[in-house]
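By written order: A, B, C and D. Residues from 1 in each chain.
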Amino acid sequence: MEHSIRNHLGALALFALAAVPLASAPALAEDPIQLGWVGPLSPPGNYSGGQEMQWAVQLGVDEINKAGGLLGRQLEVTYEDTKGQPAEGSAAAVRLITKNNVSAIFGEFHSSVALAEIEEAHKYGVAWMGTDVWADDITAKQYPEVFRVSPANSLVYVKAADWTVEQGFKNIAIIAENTDFGQGGAKIIADELQAKNVAHTLATIDLNQQDFTPALLRLMNQSPRPDAIQMVVAGQAQYQLVKQACQLGLAPTAETKLIGSSGLLQKEVWEVDGACAKNLLIVNVAQPKSQWNDKAKAFVAAFTERYKRAPTGVALEAYDTLGVVAEAIRKAGSADRAAIVRALEEIKYEGANATYSFPTTKEPAWAFHQFMDVPFTIIQYTEENQGPEEAAIVYPKNWATTDKILP
Amino acid sequence: MSYFLLLAVNGLVVGLIYALVASGLTLVFSVLKVVNFGHGSLYMLGGYASYYLISGLGLPPLLGVVGAMVTLFVFGVVFERLVIAPMYTDKVERKDEYAIIVTFGLTILITNLALVVFGPFAKSPPSFMTGALIAGPLILPYDRLIAAVAAVVLLVGLSLFLKRTALGQALDAVSQSRESAAVIGIDPKRMYTVAFGLGSALAGGAGALIAPVFALSPSMGDLPAVQAFIIIVLGGMGSVGGSVAGGVLLGLVQALGVGYLPDPNRALAYTQAFGALLLVITLLVRPTGLFGRPHLRLE
Amino acid sequence: MGSLSFSRAVQAVLLAVALLLPLAAGPYWIHVGAIAWYYAMLAASWALLAGFAGQFSFAHVAFAALGGYASALGVGLLGLPVGVSMLLAIVLAIVTGALIGALVLRLSGPYLALFTLAISEIFRLILVAEEDLTRGMLGLPVPGLFSGQSDVPYYYLGLGLVVMAMLAMNWLLSTRVGLFLRAIREDEGAARASGIDTTRYKILVFVVTAVIAAIAGIYYGHFIGILTPNIAILPEMGLVIAMAVIGGIESLPGAVIGAVVVFLLSESLRAYGEWRFVLMGLALILVQRFAQNGLYPMIEQWSRARAKPRAAATVEDRHAG
Amino acid sequence: MPADPFFAVAGLAKHFGGIHAVEDLSFTLARGEILGLIGPNGSGKTTTINIVTGALKPDAGSISVEGSDMAGQAAHLFARRGVARTFQVPRLFRRMTVMENLIVPALSDASERRPSAEERARGVLAFLKLEHLADDYARALSGGQQKLLELGRALMLKPSLLLLDEPFAGVHPKLLEQIIEHIRTLNRDGHTIVLVDHNLDAVQSIVSRVLVMARGRKIADGAVAEVLQNPEVVRAYTGSRAGAQ
């Protein structure tokens, strides 16, 4: 028997190999302050958005550490790829909380994943700060630990819908991707248009899809032809939509405007769509260049220098998310989880994109811990190869650089 | 009527492009009797290969396509020799499963590798020709037109190659019957290697041709692969002509389905389901495919 | 019978480790372990379907999705008690499993693979598109099963389900049905000529494995708390296939160990990002290329050769388990 | 007419596309009879076997087994009725042991228990002189041993009719004698046997009656010597006979 067991050790080694991480050592007191970042870095998640967020956060971390860290301690962020899968998100959250012993969690791009993560954050009493997750439900659950710097769908797409109505569009087509982001946003817009009695049609697209021509042809042949197409698409499918709508002569044209989401702020829009991207309207949740503070200017410069591409709104949001969390730690005077949660409710932090605070109002439900003054602009590319910060601002009025929509 | 025509022409053009994607899969199946579940990743590799050849070496776009095909041919030959070839020996018992697993493993390997190597942001090689052909109610972007014409050229070329050249006839002989091919002095194993290399080259060529039409991303091959599966089933597995018919049928069904189904939202959401449903029904009702020659696998 | 005792010993040790793990490991590994049980159930039942019965199906994760969604909708939409809702989901899995089993009777090899792939995609697209019912990609909330904050109850529930599924499948394989399934895998025509009603057993194996997959999905949904159609995407199916193949497609304990090892490895190598999946793809190809029956049976064989060297290595006890 | 026609087919036909693989085929078998079914390659012999064992459904005709018509029924029902077969190229359960190969058909009878099945299997193995291979994988057997095992597997069905599709093809001469001997013994023990071969010489030493097929049709049926005189048979075999050697 003894003999045979010795022979079995080989097989057990396989299992033991997998169990190695079980034995990792607990953190020491004067170790760096640990924070956890969550977001999609691989499919089926929106990995290009996640990558930009991760870069922006690391830039911020390096800045803080170079300046001496927080409370005299260095800052260390563990990045967890959640692949856009809720189970990955909840496992990542538990891992960050229990294994990496993080003081707070932030990030995320997908609402469905965020909804799984906040359950764990709530369970363990760890602050969770959403960077670019728009579903109302996230803050509507009113967990004390859950905050959000990004807009809620109701906050932005109500505005976007209102703007289209103000512009006098009479017949609006909504094209939404079949993700939490797209379906959530589309519903808000549709409801708002419904409430204002504006005709609209909804079309949902699959992100893997590459040929949208039949759907666009259908829109073209609608009578009357839509005078605006609002895309609620984050993934790369949006580039295809723009290109194909343009090649068909559907939009953007004098007859039909094309309004897109922030994915179109990435420079790839010019590589893929070329001239077709001219006259595109884009919903942007970042401040216009004219409003940039020194922080924003410095961030944009540093980001562009380091990653050889201009940051989009998502990067600014991610950078500010880290800033908010760091500020809360400073204010709390410790990396204690509960203290951070408390500090976040009292914070007033000037970031690159806005000055953040998190109200405790409970009505409407989603407003709880929701940053309300999200900068919201609608911009229009007026030249080829334009960066978003150079583009014309058509909304809101106080920031507008033009009062005329092209063409 | 012009609406119908618009949809139909668009469906036809896209269908030809689909057929091109499927042609390599067809060739591999007809000779090796293997469904290459890694086809989509080879297609993706072809797209990137041409992108880097064009942007890195400064090749003209069409030469980039040729370069991509050569690259993928070599890749296919090496993969076949190293991984697929053992299948023909007695060591491998479950041959069908073996082939599915190794080619599917190839997809997992390459798709994730692409993400690491090529990065997450979309890339797009330059257009073959910008703008669109406008004739009456018809609007056809030139890139699509060129891809469709190239598809026809490649498919006709493939058929002629199989019928007219010695190598092609040898491939065709092996696809009809390994045993009889061996009897007349053709080494089936060499033909398997050639077929897999050519199949990979065709996948790569398709990816390269379509790259300017759609953009490049590491997951760009997922959907075309599924569409290619649908097409080879529709067309009767292993028949080039059948694949063309299958591709066009799929293109038309999708275009007209999206164009005419009553609920526009659902019509679009189910675009891919149309094709999958077509596959399911074909396998149930007419397992030999709609257009192809009957195959032996079914008892 | 060396392998029998070997396999028993390994399984006993692993079960003991699994039972005691929550005492030693922190909440994270308990959480991860609880998810690993989901994959273990899927990999083992897929191994029964594909490895033993030769039905290479790509629809297995779709059955998990079916179970998870049905149970969640039963509670959320119909207002049923959780237990009733779960039962309903299982009944649905039986019916669907039988239906799919009956539809694919004439298909084998790549045709079966393509058919099930298409069915799985259609089902996933329905989950995405019918958002009024499923909430689409927003994700369907699923009520939890236990109050309290700890994942330990889920961990033990999952472990219990794995053990029960293994006992049930092992029992099935030890009866004549196991013999018939393998005969059908080897040569369906010859099996029929030997008097086996292949139709019946092919449908049976689809039903049995669909039920186990559905139970896995039900467990998973209630544990994670939210379901999205991504549960049934092709890469998830690929993960299950990789687990079963690497562990051993013709060995139920091999598949379970494969699932646990692959999942835990991919968790512990998170720092390597996408490289983990590159490695997994490579491992899948290499295992299939050089150890077609998977690593566990190889280790089993190796240990037997060490324990009792003998010339004739043809006798294997593949029911060790 | 045989005295006890317990197996009879009448008007059997099977078409594949435009090809008439079997056309209007009728014959009967008496209990205990041994029949040689011969004909050139492609004459429809294997298709006939496939039809009368349920592997293929006939387009027309009846198959009566002990008085009941089974045409169109599933293959396993034929097997359960005692109609057993072997294949041209052995189709064993390759990755199952010899013993397992044998007990599969036995256990397809729900009333048979495993111990008794194994005991019967050991008897069959003894008869075939394969006892020493009981625990080997079927795939590890030589070609001739595989043929024997397949015969054994058919025997496990307790067949009333045994259809052997080219049992001598590809068999080593040393084993050939053994197989012929087994067939003789089985026939002596009361098994009704149909022996399929394209080669008349090979079967005429065992069978007394032959049925000759050509292009899907029966062209002769009778005692060996008689059939050999039949000019149509000679014509059908001219040219193909040399190739069949």
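Following the convention adopted for this analysis, contacts are C-beta pairs under 8 Å (C-beta built on N, C-alpha and C of every residue); 3 or more make two chains touch, one makes a residue touch a chain.
From a predicted model like this one, the values you see are computed outputs, not experimental measurements.
The chain with its Cα centre farthest from the Cα centre of subunit C is D. Chain C has the Cα centre that lies closest to the mean of all protein Cα atoms in view. Here the CA centre of subunit A is 35 Å from the CA centre of subunit C.
With each centre defined as the average position of its C-alpha atoms, the distance from subunit B to subunit C rounds to 31 Å.
The distance from the centre of subunit C to the centre of subunit D, with each centre set as the mean of the Cα atoms, comes to 42 Å. Annotation: 45 Å between the Cα-based centres of subunit B and subunit D. Within subunit B, the positions touching two or more other chains are listed as 93, 112, 115, 222, 269, 272, 299. Multi-chain contact residues of subunit A, defined as those touching 2 or more other chains: 41-43, 178, 204, 206.
With touch defined as above, residues shared between interfaces to two or more other chains in subunit C number as follows: 125, 128-129, 189, 235, 273-274, 277. Of all residues in subunit B, only 3, 6-7, 10-11, 14, 111-112, 115, 119-124, 127, 130, 132, 134, 139, 141, 214-215, 217-220, 222-224, 254-259, 264-265, 267-269, 271-272 touch subunit A in the complex they form. Within the complex formed with subunit A, the residues of subunit C that make contact are 2, 5-6, 9-10, 13-14, 17, 24-29, 31-32, 35, 125, 128-129, 131, 136-139, 141, 149, 151, 220, 224-228, 230-231, 233, 235, 257, 260-261, 264-265, 267-268, 270, 273-274, 277, 295-296, 299-300, 302-303, 306-307.
Considering their complex, residues 53-55, 74-76, 79-80, 84-85, 87, 91-97, 100, 103-105, 107-109, 114, 135-137, 140, 153, 156-157 of subunit D touch subunit C. For subunit A in complex with subunit C, the residues that touch the partner chain are 3-5, 7-8, 10-12, 14-15, 17-22, 41-44, 80-81, 84-87, 90-91, 94-95, 97-99, 111-112, 115-116, 119, 123-124, 135, 178-180, 182-184, 204, 206.
Here subunit A touches subunit B in the complex through residues 41-43, 47-48, 50-51, 178, 201-206, 208-211, 213-215, 217-218, 221, 236, 239-240, 244, 247-249, 266, 268, 271-272, 274-275, going by the rule given at the top.
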